[in-house]
Amino acid sequence: MITRGWLLSDDPETRMQARLGVSYRLARDLMRNPLAMVGLMIILALLLVAAFAPWLAPYSPVEGTLADRLQPPSAAHWMGTDELGRDILSRVIYGARITLMIVLLVAIISAPLGLLIGTVAGYFGGWVDRVLMGLTDIFLSLPRLVLALAFVAALGPGIENAVIAIAIAAWPVYARIARAEVLTFRNSEFLDAIRMQGASRLRIIARHVMPLCISSTIVRVTLDMAGIILTAAGLGFLGLGAQPPLPEWGAMISRGRSFILDQWWVATMPGFAIVIVSLGFCLFGDGLRDVLDPKQRSRG
Amino acid sequence: MIHVKDLSVSFSDVRVLHDVSFDVATGESFALVGESGSGKSTILKALAGQLPAFTGTLRIGEDNDTDRPFSARDRARQVQMVFQDPYGSLHPRRTIDDTLNEPLLIHGLPDRDSKVIAMLDAVGLPRRFRFRLPHQLSGGQRQRVAIARALMLNPPVLLLDEPTSALDVSVQAEILNLLKSLREEKNLTFLLVTHDLPVVSFLCDRLAILHAGRIVETANTEALRSGQLSSSYGQELFQRSVYG
Amino acid sequence: MSLLSVENLRVTFPTDHGPADVVRGLSFTLGRERLGIVGESGSGKSMTGRAIMGLVPAPGKVTADQLMFNGKDLRGLSEDERRDLRGTAMSMVLQDPKFSLNPVIRIGEQIEEAMAVHGTLGRRERRERALEALTAVRIKDPERVARLFPHEVSGGMGQRVMIAMMVVLEPALMIADEPTSALDVSVRGQVLDILADLVSRRGMGLILISHDLNMVARWCDRILVMYRGEIVEEIASGALMDAQHPYTRGLVASLPTIDETRDRLPVLDRGKL
């Protein structure tokens, strides 16, 4: 039986109970932070909307009725229609899928890459560190959007390339953070102890060094999500990300730009979506940081 | 069991150890005492294979072939170390169980569960602590975990770097008693660094006194107990220990 | 007038099983003297020191009926005011040097940093003062050690660096938490001499937290024995062997002696206390 007392027990009887207890404490601390909960709600809503887009969207996201073009918000079209008569609400709903995909792919590619490079550089030090960090610094010194732009220009426009470009632009931050974290404990005695047991370097980095950097990376990735969404939208806006007729939010703003003064809703509605989702990730990331921050953990 | 001959160590041109030599027999408990910064921990690090560069001859355990250095894995089964700081020597995010399992996993040994439980019993930790994290343990309990970890691979030699100096006296007594019985049970060889002469008197058979990177005297514990150390630095340590 | 007076000091931490008092109603006064605090691990010695300094970590709560330092009430001070006090008027040598020193900054720079925060000395002067402080704690080649990173100095040297950092500030109140646990007896004597000098010459008040019963008994003017967050006994200098409380007697008994012949050391039987 899973009870509160069982989860909070100081003396777990099995590995399973110990792990569940740790997760339960994290979840409980997170729940006590109302803003983080708001953020989590927004993220969950994004997930649900993306999953059930075909059922939620009242119209097709790509086919419009030209007769209905540029209609203001109304009972039939809650967010109005665009210049091709497509329902903006439906496009925003389908756009959630694209945004989610971009965010997930970027996180899956760049976070592990940055973590690996940062921990290897920090743990080995010396010339390995200098080479890897030199590389990181070159990437870091360029603004993310400019860098992504350069890569898309090289790879050609399209959503897959946009994802790759953003991921390439995003990892250096994670590498820096992970390295800084490793430097604070690379000379610790617990690492001496594990070396003395004959562990291979791969094992030390993967099982002993990385776990100590993961929470700061997760926090940073969550906080970065807003920036990633904005970069993706920026690429879309410049016509280098998702290509028409895909309902990508940034591209939608870009098209709506021409009508911004007379038909404000065309650009504003996807703009709202971007702001709300970004805010959701920021709030959740902040809450996560409070919970995972190692300084809050007692050593005594 | 431990053979150190003409060990010299330099860090960026500064020589911190000068031709240190001593031998420790199987089952013996040998103490290194001396001035802070005189190179005691450095000797242990060299024996533990944690120093990149030194000159001289080191032999540990069943290794007779000086030309062929130990691989890290072989060495791990011959010698293990217990560190001074019980707060810094345990991984903060791994449970006691993870920590004790790790050496067995690295060396691919079977029966891990039963070995971990047997070791918890041997060092006097309640079995219910098995899945706790280090921050849920007191300093003395953590030091027991560190000792348990060092013994998981059954090495014949244990290097102890001030294992009780961060602990209060009641816990120190428990840990010293534990070390003494483990040594009797498993016929372990101890090389103990400490600055506390009474600890030497309780736990060790012989001692070497270091000063500025050199051994100034090797004596047996009887000489220490009766205050008959021959070097002037040894006498100073003795006087200060007894009269403050 | 006493330098520090503490009445009914409490430190409470919330835990999964309700709030836990780790310091429970401590009262004492400190003049310009050497006060020792002893007690087993977890008895609340460090938390007492931290509470006085305003350094109790996050979820912990400090309350007291009185907490006066030099005629100033410490209870209502803002974080900024406390920070001004720390380092100039009161300072603390924290327990483990490995955790208290920044691992990626050189020793010398860290000492200079400590002076820069509170002083108005020029760069050159700070450097010299830092080297002097290192020499004072008997570090032989201060120039070299100042350039090392914390992991490159020995355990005892790290402790002496911490002391050097606090001594340069010449505070009115110093709390030293296990400042000498990794020092050999001869260096330890000299470090204690420096502290004694500050007490007698500058009129500093010193609280020395330590588990080294013999040293505290010889060196301090008074000793407080703590057990589970409370003071169980106060002992005058040199009278440790006449201690009354069974807990204190248990601690004394578990000390090995230099002519030790017992096969096993007696340990505290906590069930009986």
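Labels for the chains are A, B and C, by order of writing; each one numbers its residues from 1.
Just so it is clear, contacts are C-beta pairs under 8 Å (C-beta built on N, C-alpha and C of every residue); 3 or more make two chains touch, one makes a residue touch a chain.
On a predicted model such as this, the values are computed, not experimentally measured, just so you know.
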item: Leader among chain pairs (count of C-beta contacts); value: B-C
item: Chain located farthest away, centre of chain B as origin (C-alpha); value: A
item: Inter-centroid spacing, chain C versus chain B (mean Cα positions, whole Å); value: 27
item: Whole-Å separation of chain centres (CA-atom averages), chain A against chain B; value: 47
item: For chain A paired with chain C, centre-to-centre distance based on mean C-alpha positions, whole Å; value: 46
item: Two or more partner chains touched - positions in chain B; value: 85, 87-88
item: Residues of chain A whose C-beta touches two or more other chains; value: 10, 298-300
item: Residues of chain C engaged with two or more neighbouring chains; value: 42, 99
item: In the complex, chain C residues that touch chain B; value: 39-42, 96, 98-99, 139-141, 144, 152-157, 160, 178, 181-189, 211-215, 218-219, 250-251, 254-268
item: Chain A to chain C touching residues, read off their complex; value: 8, 10, 25, 183-185, 187, 295-296, 298-300
item: Interfacial residue positions of chain B with respect to chain A in the complex; value: 48-50, 71-77, 79-81, 83, 85, 87-95, 97, 102-103, 106-107, 128-129, 131-133, 135-136, 146, 149, 153
item: Residues of chain A that touch chain B when the two form their complex; value: 10-15, 17-18, 22, 188-190, 192-199, 203, 207-208, 211-212, 294, 297-300
item: Residue ranges of chain B in contact with chain C within the complex; value: 11, 14, 33-37, 40-41, 84-85, 87-88, 138-140, 162, 165-174, 176-177, 180, 195, 197-199, 201-202, 224-227, 236-238, 240-242, 244
